[in-house]
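In the two complexes below, subunit A is the common chain; its partner is subunit B in one and subunit C in the other.
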Partner chain A sequence: MKKNKFESEGSKEHSFAVALPAVLWQILFLYLPLFFLIYISFVKTLDYAVLKNLTLQNYKTLIDFSYFKIISRSVALAFFNSLFCLILAYPIAYFLALRVKRLKNLFIFLLVLPFWTNFLVQAYAWFFILDNNGILNKFLLKVGIISSPLHILNTPLAIYIVMLFCYLPFMVLPIYSSMTKIDKYLLEASSDLGATSWQTLGHVTLPLSLSGIRNGFFLVLIPSFGEFVIPILLGGGKVMYVGSMISYFFLETKNVFLGAAFTCFSGFILILIALIVYILFRKLGK
Partner chain B sequence: MREIKLKNIKKIFNGEIVLDGLNLTIPKGEFFALLGPSGSGKTTLLRLIAGFEKADAGSIFLGNQDITSLPINERRVNTVFQNYALFPHFNVFDNVAYSLKIKKVKKDIIEQKVINVLKKVHLERHIYKEIHQLSGGQQQRVALARAVINEPDVLLLDEPLAALDLKLREKMLVELIDLQEVLKTTFVYVTHDQFEALTVADRMAIMNSEGEIEQVGTPKEIYEFPQSSFVARFVGSTNLIKGVLRSEDNKSSIEIPDLGSFEAMLPKKREWACNGCSVLMSVRPEKIEISKKKLEGFSNCLEGTVDSIVYHGRSTQYHVALKNGSMIHVFEQNEEHFPQEVIDYDDNVFMYWQKENVVLLEK
Partner chain C sequence: MELQGKISLKTRRSYRRGRAYLLPIFVGLVYLILYSPIIVLIVFSFNKNPLSFKWYGFTFDWYKQLFSSVEILDALKNSLIVAFSSVFLCITMALFYVFYGVSSFLNRLMVIFYGSLVAPEIVLAVCLLSIFTFFSIPLGLTTLIVGHTLIGLAYVVPIIKSSFLEMDYGLVEASMDLGATESQTFYKIVIPILSPAIISAALLVLIVSLDDFLISFFCAGASVLTLPMYIFSEIRSGATPVVNALSTLLLVVSSFLILILTAFKLRTRVF
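Right after this comes the complex of A and B.
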């Protein structure tokens, strides 16, 4: 693993120069605005005039208004969406990586295909499926499972369904990638030593694909927490989530100071959740 | 401990026939080697016995039990893989204990068995080490211990020493022989290295590039009495010279154009070994005596000029050009520091061998 000392020092200097534009971009458009956001969350104003520097007033307002309900709703959405994605994605990744021999590339292509479509367009497409006169209801009515159309659109159920399908590839791909790295001989060795395919899955495949599960979990968990397109479009916008609440603060009420405090507080909660999940995965890995 | 019988095994990979109607019996309790060039299908044969591959035709018996379609995990056969295939997320103990844990054996019995088997492979001090902390040779021993702990009827070894250096390989070969003697399990050892096969095997099978078995026998039988030119060439090196067989009464000789007539022993009842038939004469290089002088007491003599000399340390290899342009290889032991006779390039030499050391082969 260790490279020639001479070589690595040379490439270090080189790589810094190459990375500089990206670093500057990050500083200008991510870290500076973030710092500014944190700063104004501690500022009390009246009609855009700064009244008093550094106060916790904005955060106290948040407690008064009990925005906790919104945050916990988003936490639940993020966690359960990740969990449902995992349950659905693991078998898909398993069959793609270890069972399917022919047409493997076609299946992966089909899986990645939604990435080529705009996220908003994907979400809109679900209207036609979940609507009272949509494909799903028409199908169920025709088959005779239901007698009157199911009311799915503009309910939390619609949000969960669409979130699940939109985020699924983000869970499948890391798990698939970690599974393809498993030495095939390990699986053969396991069955050679008497394990059934279920036992091999539990004792060998699952522990060795844990890093993929963890990466997929984070890839779904973090953006799900701040998701606002799907709750607004398919949830009818009646039920507030963190994402939609932030957009409400900044775009509707223009209360950027309270919005900043809400954003920072939600961000803090997200980091906390991510940390807990991270520790859980580390415990699982041992 | 049961014997393995392979009957009419056929295996096709992507439309290419790898094995076609192969028959082989591996006796119980023996150290059996499968030797063949790469691509001869020997690993495929091993994987068929283990159950990793399904035969397209034919059947496999373990003792009286037909295991042709028995699932891998139900076969009393264990494998040592070429890359060891040790579980990277387990330590030495958990790797070795794997098959017992699967069988839900009691914890204290598992512990005792693991310690016992690790003692046999001299790894008891490393019982709780992680796999990546071990050297290649130690990993090899863990793989061995893991495969034999469940006392299989047959242990399959797929080029297990390929990744080790020469010194370690020689040491492991001796340990493998000792282990087999202690366990009395049938070992099936696949290799393309003739030195390994000749060293470990009680009996061995030679496979050719077409996936056919050329000869089965003890290492000595294979080396001293090859039954085909493929075996003669593949195991060790040999001089193959084309000639015509002349046999009268009990005497037989090979007539070679431009070189003369050479005495040989007639093989027993071979169709191709008739009077006047064209045959191949095989003489191992180390069976030939080389000298600049005329010697007495040899049944065969051949004259030539030294073309090249390769010094190997314990022996010297001479390439001698004959009158008809073909080459003869001769191995000479370097028995003395200062040999009485020094043979140099372009020297005229005589090569001698006894008729008992000639093997006649079908052309």
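Right after this comes the complex of A and C.
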């Protein structure tokens, strides 16, 4: 009996040790580096006097109008991209969840596909549409809406267009899944009681899909704040966004300390904005 | 009066029917815009003229060049090494975590796996880069595998965990009661039962790893190139249709994997 207990104790330790790596991996390569990043944002050099050299110098350097402009540009991009995505995504999710009957799986699959494919490839594909000799300009010239090609590539407009369509599935899918959970009888009851389809939309569907809207909003807002590929490729790299600024610090000037401070500060702003949006959604839900 | 009512109802209905086409047209238009760049990209990967946006004729040349380029084949090799290593590491660690961690406090630490999904990818990349440089770990395939495994775990652990919880735990108990050791139960009972979840999780990590650019861009260093990194550098230096061909192939591979994944998901209802 005693031996048996001893054995099971031993196997418990063994099983703990075997279960640990997954957790350790996350701690070692995500949480520890995160603390490390915050730490180096408060020092100017790395040495072994760990807590003595703490300084706010890096953050003081960041108090500059140009950095302020970059961060607010990314904030605007994140916010408006989420908003535009929502405007475009809501009718699509509504259509997929409550209207379409045939080929529903195909429609969903066609949305999931860009969700998982490479952003890089998608961004590159837009070159062929937006270029001065691209499909869009050719089409508009032929129809006669414009007389000379529009210069869209390498402007903020190009960034906004491509971001909108790249992030669209991130908004549609959560709204769609929240709409499929709506009880169909509620919608029927609403129309039986004399509500028009717009009234049903406003008073039943919209409040019940608010959680999906919120999830989608965060799914678009957070990654588009730090988006790196699309602004660099389609914006021509002329205007800096938070993502390109971070990579500039870390990969080009190799000023890790200032880069860390910039990353932490932008992260702080992002958390602040996410919090504000979260509170707004809670107010809307009431 | 009654007639008038009927007419108005009829006109209202037809008015409604007219409006009912607006939504499908809108959705169709958005899908068209969503897919037109990709379609054009694929079409131009077969275009004879390398510089112009004009169609000059059909050719397979770019695909031939693709498979004869040493640089691309090397990038492909790197991408595959990283992807399969990450899949192996993610699945093994997640299975061990879910099965052996079920009775300890580790079980309640699920939240920590969501961290890498919530944070913007560039923050993860920068964190990894700074810790690698601090410990002077040379950047290369190893650091890439570390990064990809980190994001992979965030997908794999929840999938395997949820299907483990759905599994009849009586089977594990029965196996142990009948004298199987913990590891025998793990290999002979748990893994076969969880195999649908394991396969879809593995496919997901494969897709994520093959398509990942940002983590690779920061953690690969100067010597190692993966396929997305190659595409990025080519686009920045003025792309040739070879990049179109490569992008097309990458799209085909990911679509194929996603197709398997969704077919699998519909059949087994893993999620």
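Going forward, the second predicted complex is superposed on the first by the 251 of 286 C-alpha atoms of A that agree within 3 Å, B and C clash if a C-alpha of one lies under 4 Å from a C-alpha of the other, contacts with A are read in each partner's own complex, and residues count from 1 in each chain.
The definition used in the following text is that contacts are C-beta pairs under 8 Å (C-beta built on N, C-alpha and C of every residue); 3 or more make two chains touch, one makes a residue touch a chain.
Predicted model only: the values in this text are computed from it and were never measured.
Colleague: Using the superposition on subunit A, decide if subunit B and subunit C clash or fit.
Modeller: In the arrangement built by aligning on subunit A, the partners subunit C and subunit B fit side by side.
Colleague: Could you look at A:Phe36 and tell me whether it touches subunit B, subunit C, both or neither (first, second, both, neither)?
Modeller: After superposition on chain A, A:Phe36 lies in contact with subunit C alone.
Colleague: Looking at A:Ile146 after the superposition, I want to know if it touches subunit B, subunit C, both of them or none. Which is it: first, second, both, neither?
Modeller: So A:Ile146 meets neither subunit B nor subunit C here.
Colleague: Touching A:Leu208, do we find subunit B (first), subunit C (second), both, or neither?
Modeller: first
Colleague: Quick one: classify A:Gln199 as touching subunit B (first), subunit C (second), both or neither.
Modeller: A:Gln199: touches subunit B, not subunit C.
Colleague: Tell me which touches more residues of subunit A here: subunit C or subunit B.
Modeller: The partner making contact with more of subunit A's residues is C.
Colleague: If we overlay the two complexes on their shared chain A, which of subunit B and subunit C does A:Glu188 touch? Say first, second, both or neither.
Modeller: first
Colleague: Quick one: classify A:Leu280 as touching subunit B (first), subunit C (second), both or neither.
Modeller: In the superposition, A:Leu280 contacts neither subunit B nor subunit C.
Colleague: First (subunit B), second (subunit C), both or neither: which does A:Leu251 touch?
Modeller: The answer is second: A:Leu251 touches subunit C but not subunit B.
Colleague: Rounded to the nearest angstrom, what is the minimum C-alpha distance from subunit B to subunit C in the superposition?
Modeller: 6
Colleague: Identify the overlap between the subunit B-contacting and the subunit C-contacting residues of subunit A.
Modeller: Correct list for subunit A: none, the interfaces share no residue.
Colleague: For subunit C, which residues are in contact with subunit A within the complex?
Modeller: Counting only subunit C, the residues touching subunit A are 23-24, 26-27, 30-31, 33-38, 40-41, 44, 52-53, 93-94, 96-97, 99-101, 103-104, 106, 109, 112-113, 115-116, 118-124, 126-131, 133-134, 146-147, 149-150, 153, 157, 182, 207-208, 211, 213-214, 217-218, 228, 231-232, 235-236, 239, 243, 247, 250-251, 254-255, 258-259, 262, 266.
Colleague: If we count contacts the way the header does, which residues on subunit A are in touch with subunit C in the complex?
Modeller: Going by the criterion above, the answer is residues 11-12, 15-16, 18-23, 25-27, 29-34, 36-37, 40, 46, 88, 91-92, 94-96, 99-100, 105, 107, 109-110, 112-114, 116-122, 124-129, 131, 133-135, 138, 165, 168, 222-223, 225-226, 228-229, 232-233, 243, 246-247, 250-251, 256, 259-260, 263, 267, 270.
Colleague: State the interface residues of subunit A toward subunit B in the complex, per the touch definition above.
Modeller: Residue list for subunit A touching subunit B: 183, 185-186, 188-196, 199, 203-204, 207-208.
Colleague: Any idea which subunit B residues touch subunit A in the complex?
Modeller: 50-52, 71-74, 77-79, 81, 83, 85-89, 98-99, 102-103, 146-147, 150
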